[in-house]
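Presented below are the structures under discussion, each in the form of structure tokens.
Next come two complexes, and both contain subunit A; in the first it sits with subunit B, in the second with subunit C.
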Partner chain A sequence: MTLGFTLAYLTLIVLIPLAGLVWRSASLGWGGMWHVATDPRTLNALKISFGTSLVAALINVVFGVIVAWVLVRYRFPGRRIIDAIVDLPFALPTAVAGIALTALYSKNGWIGRWLDPLGIKVAFTPVGITIALIFIGLPFVVRTVQPVMEEIRKEVEEAAATLGATRFQTITRVLLPGLTPAILTGFALAFARAVGEYGSVIFIAGNLPYISEIAPLLIVIRLEEFDYTGATAIAAIMLIISFTMLFVINLIQAWSRRRYGYAT
Partner chain B sequence: MRHELPQSPEPASKSWHPATTESRTARFVLIGVALAFLGLFLLLPLISVFFEAFRKGPAAYLAVFADHDALAAIRLTLLVAAIAVPLNLVFGVVAAWTIAKFEFKGKAFLTTLIDLPFSVSPVISGLVYVLLFSTHSALGPWLKSQGIEILFAVPGIVLATVFVTFPFVARELIPLMQEQGTTDEEAALSLGANGWQTFWHVTLPNIKWGLLYGVLLCNARAMGEFGAVSVVSGHIRGLTNTMPLQVEILYNEFNSVAAFAVASLLALLALVTLVLKTLLELRYGAELAANGGH
Partner chain C sequence: MKHSRITLSLAAALFAATVSFQSLSAAQADTTLLNVSYDPTRELYKDYNAAFAAKWKADTGETLTIQTSHGGSGAQARSVIDGLDADVVTLALESDISAIVKATKKINPDWRTKYPHNSAPYTSTIVFLVRKGNPKGIKDWGDLVKDGVEVITPNPKTSGGARWNYLAAWAWAYGQYGGDEAKIKDYISNLFQHVPVLDSGARGSTTTFAQRELGDVLLAWENEAYLASDEFGADKFDIIVPPQSILAEPPVAVVDGNVDAKGTRKVAEAYLQYLYSAEGQTIAAKHFYRPSDPKLVPADLLKKLPELKLVTIDDPIFGGWAKAQPYHFGDGGTFDQIYKPKK
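Here is the complex of A and B:
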């Protein structure tokens, strides 16, 4: 009976609406899809979305791993508060993050006013999009890597040190390879979230077609023009690319787990 | 033993440190980098919300909430959360119960399906409902003839919110209930309790903190959702604008103080959520242990 309820709820809320999307894309056919995909404006929006998401996810991997390391390994005043603040992007509504970041990085904002004389424009450029995506993606990396770091046994490091490895060698040759599967998962989650992100990006992006217009925004624009077919096609293309990338990352992850992962 | 380690030739010197940690300098640099990064990317935006909201003083801040449309947006946000969160609470418990306590075919597929809204763009979550209920759809004309409004009205906003928030409770409970197994329930049943009594007196007390944790996150997202709601709302002032949508409208009208004032309420909600979440983790960490990242 509970299974029945679960299935009924899922069918109503998820399956039927998604089937609608698939049905509509299918009725478009490959030709129709290709036509939308190769439209220069769509092509640019997809490039910007996936490009900025990739850069943001890479930056998040670097700093996310450092943050996780500091939180797991070091004891310093305020560590618990810092640990809690990492989850802020999960809790803060995206629109709020969007206007706050825009205020910070616009020409007379707290950060923007220092960058502007240097000729660095952040707000209303792809750089601004990347910053918003760093904001929303960071906790995904930290929260995926952190628990795995906590599991690392001290003996592994002691063994490496006893065998003559420097601390740097221990970290890069022994610890990091073991963390690779978790880091890849964090990367994939941050990347997937960034590609679909809308609220925090549209304020800081400036939304200039061909320059700083992201794919989710183009879906919204097409919807406002009542071009449901165009909107559906872009959505379908985004889903196909995202799922393909996640699938490939899953494969790499499975491979790296076999090759390096800790047996926990 | 220590003097045998190659990187510590002078154990007595100040720069000595155990082989399983970094030098003092390295530690300071890493902590510094982490704090600077978090301060710049997370803390500063949060502070600036409140700073911008109070830029013209407390009177201007309070005046924002005298506005009819702002109040309507707050009411709508509370209403939507009051419908979506209990619905997903019930669903989450039932789904987690089903997945954790029973064996059946297609379990992995069901779990994937529950996670789906996390991997779909919020805009696409809204789009699917537009496709389903618009006047061009199969359902649209019939709904219109019956006088039922879903799209660009409150029911659509509720549906989109339910869609994006339904994984939270279920995901929190599934690992927890799986870890607890079915022995407690079996004991209760063998002692003569019926199914409902077993659930109410045995299962529920076991999962209450995990449940609260899931509800907390679900509520934060329900009140803050922007993309999905934006697509289905139609942005009718005073009628179909939730708080995040009201923030957008005010901001685009260059009414910065008002936009940030409404945003500050949402930021406050986020802070309360974080504090409660941290307290739950500190106090009941062991009982929530099954939860991983989100």
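Here is the complex of A and C:
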């Protein structure tokens, strides 16, 4: 019964809308689909969307793991507040985040005014897009890695040290293998979220074709032309790429579980 | 067995909720009007709705609730296509209403002849908003492509206002280069080289220019330019009216399919007709829209809307929206061409 319920629910919430997407773009045929996919403008937008998302997710993995580690292992005043702050990007409307980041990083903003004389432009460039994506992706990494870290007891590290492991070896040989599946999940979530992000990016991106135009904007542009089929075609292409990448990440995850045992 | 009982009670609860919701809306339906409009008309229709509701009450004794929905003109048209129950649409572009006509047949194809002046009760134009004192000396469209000038305009693909900007620049270049299309495209291409950010909507561009202090000149709706200088302080900006610009005719239409289903045709038609009255025209002028019948408006309100040469969309340069929309802004249109990287 629970299986039936799960399937019914998934069908209603996820599969039917996705089927609609595929159905609508299918009317374009393979040739039309290929034409959309290989259009230089689409290719560029996809490159920017997936490129910035990848960079943002990688940065989030590095710093998200560090943030999680500090929150789990260190006790300091204000820890609970900082722990709560990590969730803010989840709760904040993305448009608000985008406008706030643009205000900070534009050339008269608090941060932008110091970077501008150095010739560093953040707002209205792909760098700005990446920063917005880092912002919205951080909690995904922290929140997936944190509970797994809490399971690792301090004695494990101490045992490694008594057996003669250096700090570096403890991290790479003892701690990271157990954390890898969780880190990969966090990476996948942050990445998937970033690829589809529109609200926060649109304000900081600049939206110049071939330079800072993201794929979701291209979808909105197609809709603006009342070209529903073109819009769904780009969406379907993004879906295929995302699905392939998530599938590969899942495979790596399964492999690392087998390799390192069931740490999660 | 237990499973089906739960389903049954759930269905019953849903049914009850639907019924009570419907009876609730039925009680109010005869006095509610939904106007689906575009972004910069927020302030205009707030005043106008209050004025019309008062008049309707005085004439018929009915209490009228008018709701307005605002957003990008194209997105609003899509909502109506997808089933939003609008009684009237007051959008930025004729082509957006045409899209509703084509997709749903809910609006009669002859809607443009229903009201005077091609169903455009007020018009507007595109002007330049520059920094105080006009330090870059921007007076005309040709000045926009001078070295070191940064121009702020939204993306013509996503913003109705930006399309008027684009066409106004095109019309100027058409006159300047005697209709030589290659030279016009060069000018437009050069112009967009001077654009550092393409916001998705007109309000976004205003923010970029006024708050982020990006760019030397903002191409804006006349009413939006006055609103920005009111909002951010008249001591920060000057409004420059170029010698020539474009006549933007934001059209209005009754959504026939919806009003006939809801029985609101009479009030919907009266609502749009009243826009052409002395009071409607005066409210439009107060919000810096150009009234289609200026004789009905006190002269002091017109002073801020100076005379200039205005090219219309039906001019042979463009040949009407039905032609201009796909030619300039369709997939692969002139706007796409100027951004194609040179090979």
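Assume the second predicted complex is superposed on the first by the 241 of 264 C-alpha atoms of A that agree within 3 Å, B and C clash if a C-alpha of one lies under 4 Å from a C-alpha of the other, contacts with A are read in each partner's own complex, and residues count from 1 in each chain.
The definition used in the following text is that a contact is a pair of C-beta atoms (placed from the backbone, for glycine too) under 8 Å apart; a residue touches a chain by one contact, two chains touch by 3 or more.
As the structure is a computational prediction, the values presented were derived from the model and not from experiment.
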Clash or fit, subunit B versus subunit C on superposed subunit A: clash
Which superposed partner A:106 touches (first subunit B, second subunit C, both, neither): second
Which superposed partner A:41 touches (first subunit B, second subunit C, both, neither): second
Partner chain(s) touched by A:230 [first = subunit B, second = subunit C, both, neither]: second
Which of subunit B and subunit C A:206 touches, first, second, both or neither: second
Partner chain(s) touched by A:176 [first = subunit B, second = subunit C, both, neither]: neither
Subunit B versus subunit C as contact partner of A:220, first or second or both or neither: both
Larger contact residue set on subunit A - subunit B or subunit C: B
Contacts of A:124 with subunit B and subunit C, given as first, second, both or neither: second
Stretch of subunit C penetrating subunit B in the combined three-chain arrangement, among 19-27, 163-171, 181-189 or 199-207: 199-207
Interface residues of subunit A shared between complexes with subunit B and subunit C: 103, 109, 203, 217, 220, 223
Contact set on subunit A toward subunit B in their complex: 2-3, 5-7, 9-10, 13-18, 20-21, 24, 63, 66-67, 69-71, 73-74, 76, 80, 82-97, 99-101, 103-104, 109-111, 131, 134-135, 138-140, 143-144, 146-147, 154, 157-158, 161-162, 164, 166-167, 170, 186, 189, 192, 195-199, 203, 216-217, 219-220, 223, 228, 231-232, 235, 238-239, 242, 246
Contact footprint of subunit C on subunit A as seen in their complex: 1, 40-41, 102-103, 106-109, 123-124, 202-203, 206-210, 217, 220-227, 230
Residues of subunit C that touch subunit A when the two form their complex: 3, 72, 74-75, 77-78, 81, 99, 103, 155, 157-158, 195-200, 204, 211-214, 329-331, 336, 339-341
Complex contact set, residues of subunit B against subunit A: 5-7, 19-23, 26-27, 30-31, 33-35, 37-38, 40-46, 48-49, 52, 91, 94-95, 97-99, 102, 104, 110, 113-114, 116-117, 119-124, 127-132, 134, 136-137, 159, 162-163, 166, 217, 220, 223-227, 230-231, 243-245, 247-248, 251, 256, 259-260, 263, 266-267, 269-271, 273-275, 277-278, 282, 292-294
